[in-house]
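Naming follows writing order (A, B, C and D), and every chain is counted from residue 1.
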């Protein structure tokens, strides 16, 4: 078990060689959004670009596509079949995603998806069948709550990023139990699911199925607001798209996510920061982190 | 009767403990918006986040939901049944709000609602039945104008935030009369309604049903522009969501609202400031206020 | 004939007394926008707020209303009857505007209206019947091009703000003729129309029907880009709404519009400035101008 | 063959004379956008304004027009006939573009168009028949991939801006072959198509049909992200609209595009910059470049 240390994480930042082009930095597919929760999808997609992903496509319920097109400019969108009258993703979206698969290098699933049974089914199928590394968050995790053991059937590496409430649904325990033994809970879920587990909260824990554990040292209460988690998911996804090893991607994204919040809080305080403000700060933080000017 | 003093108000700022998460800071439900007035709903919702609320959901007429989804990113939206062809909230929204109630910790009602009879009826029912503390502003106040005595039947604490014109409709007096005895008017309404009354204007007055009164010392003519009131409503709502005592929430929000305008005006002058610019300044002002760097 | 001088114009800036409220600073109604040109409507409406107007309502073709609601936050919108299938304002909007008239204090007409015959007819009727001072720009001017003499029948003061091309259509002369004697052209139109005439271009000229003339000294080629004129219209309208004398409103707005561009250009150069960037600079310029820090 | 040198390029920056107006700086027509890719259209249109074009109109599939109206404020939009149910431009748009032709001074074609057969046909016809200089990028290039020889039939100067992948489709070679002899490839395409060719990548090459070649020295991996190319297309188009000689326009735009990225990267690093951030920086860079403060 180790505390996150900048000296160890810095090496996992993807190199940006002089002769690179957008293809060099991968293409993340984000599956996110439902009525009332399009902001989560936008934050996740843009966070991946901020982490350096070359291209991002955000797959959303078709009727919400115009909203996402307005919210995003550099990320592309893909309208997908939705449950009729519900503005949440439907099962048939699976084939459409498969058709859009070529060229993608990683997958992020969950922000703002909602909990419609068809969406739940879609998430399960997608996580199981994905040939690309995938990070699962938020309603994506809720979709897997009664199905943890099956995650180990996934064809590619999976990262789960629950907060304690989602963790309690995944493990069938109370939130109180989780918080009483955060390390144990993360390890248990990692073992059962054979996925990398990111248990969020103060001192976020990263646990691998092989027993590797890291405890994060960055972050502050500015992150205790809606949207901060969606940014983290996009950051992890952005690193996966660049083919960073999943455990390292999780550790590095969480460290930088907290560090960004720390930089913002030093300037603006830890109350009332919007998640979209975190996004704008990420490149600066990466620059200072890469050079060693930030720890 | 006391003048607002930073030294007294500072203690009411919610603490942000290291192990907090978004649930720690509550969930505000905002009921706002009608055709042509979606900006009011957006300003109110975002102001609550700026005051540190963990989550915000803005309930709006269904056909206006895409507009609000675009305008807001960190706040969620809830499309509600509207009056057919009118793009204003209908009576049947009451049940939908009730279904969304679990997990909410406070309510803000009024910005940009319009004055359709069904909307008026909805507001009255909601204020009366709310089990959560509620702040009522703008068209929400107009909805209660002929019904002041019934506010005392409300199940939970109520804050009313009229400007003199709205106050005149609430008390059945002329604006001139209100302004001639602002303190008397605020006290009268507080007593009749058993609500906390915020009478806006230069030197905003806060009066409690128990006879407590505060006169605010911050603010300037930069606030004399459309949208500033919507921001105040969201700030009060954001504090209520964090379970700040209603009278203290009103006093603190009004003080910080004016202080933010003062900071902005020192930089940009007191002409032509947009309410959305106030929003961006709030975290800085809270930080400086909390540390004592601002009075 | 006089050159504009800051020393003379400064006095026309509306005072902002401590006990003011949004009603103190008037309510501008903007009639603007058609398909493809909603940006003009948004720039105009926001410019009025930047000049200190208390409230702004932007009346637009009904099907474009959602676009304007997204683009504007502090200004309200009013969807109006449009020509079927055309997304431009129809004649029947006149009654709807009349119904919304109470409380308005000035009118701005023209930005992005397009040239549909029904829209042309609407503008003519509105300018003739308006009981409020009105500034007419862009397609509003084109609507009046064959009808200049009738402007003198207008019930309230009118300000016309043509660029040389629009001026040529108003006077039935060539642009070359206009530019060869800009002063003469402005005076001629002012006399024929009994309106205040703002002939735009380098050294914008303001001419009154009574023979008063001012030549502006501010501005630079940064203003030679789409949108700059819409901002000027809104600035004039914002001053009219605050009951500034129309000739003084025109002179002051033009001076500040150019001064804002000069301040921006000193920082960013005079190439590629967006009109929306002018908007953000206006409050600073007013502050510095009011204090004498800017000439 | 020459390396780009600021000393040589500076003279091609359009003058901005004191008595200029928006007509002085031309009017660019941009043909761009399809479902999921409206951001490309917006970036391209705004980049042209940032380069000083007086007016910009962005022609888009009709059903996507509201999205573009929201995204753009200073640029106008033109909704065009689309393929039914596909949200991509249809053949019949050609007549509508022709009807809107008067007053335009240059054409940019390609960003985000998609690859529908009707759109492909539209692009081919438009490039062949255009009486204005035209820059073709992205899916516009893909539309010409099997038709390179016919480009020489174009009535007006054409600039092609392929990245190596698009180049391989244009020349029927592998990307590897292209990269092994970038100079040879650019020259070959320039000769076969009689167009100016901009082969993007590290050290972008500009080749003219007459054998002139320039190799660019600016730029960095911050440009290796979706959207950067759309900005370049708009910058070239903006210069064409101002009647800069096409070869010089290509060289100058590419130089400034890379220089802007260099300035941004010095401040924010070369990871996670959004293309829209490049846009905001362009005026500053032009100012410093024009004065010689930047090389």
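Things worth noting here:
Throughout what follows, a contact is a pair of C-beta atoms (placed from the backbone, for glycine too) under 8 Å apart; a residue touches a chain by one contact, two chains touch by 3 or more.
Note that the coordinates shown come from a computational prediction; the quantities given were computed from them, not determined experimentally.
Note on chain C versus chain D: their Cα superposition corresponds to a rotation of 90 degrees, in steps of 5. For chain C, the chain with the farthest CA centroid is A.
Separating the CA-averaged centres of chain A and chain B is a span of 34 Å.
Chain C has its Cα centroid 48 Å from the Cα centroid of chain A. For chain D, residues touching at least two other chains, in rising order: 66, 70. You'll find the chains touch as A-B, A-D, B-C, C-D. Taken together, the chain C residues at the contact with chain B in this complex read 13-14, 16-25, 46, 49-57, 65-66, 69-70, 72-79, 282-284, 286-287, 290. Residue ranges on chain B touching chain C, taken from their complex, read 35-39, 42-43, 64, 66-67, 70-71, 163-165, 200-202, 220-221, 224-228, 268-276.
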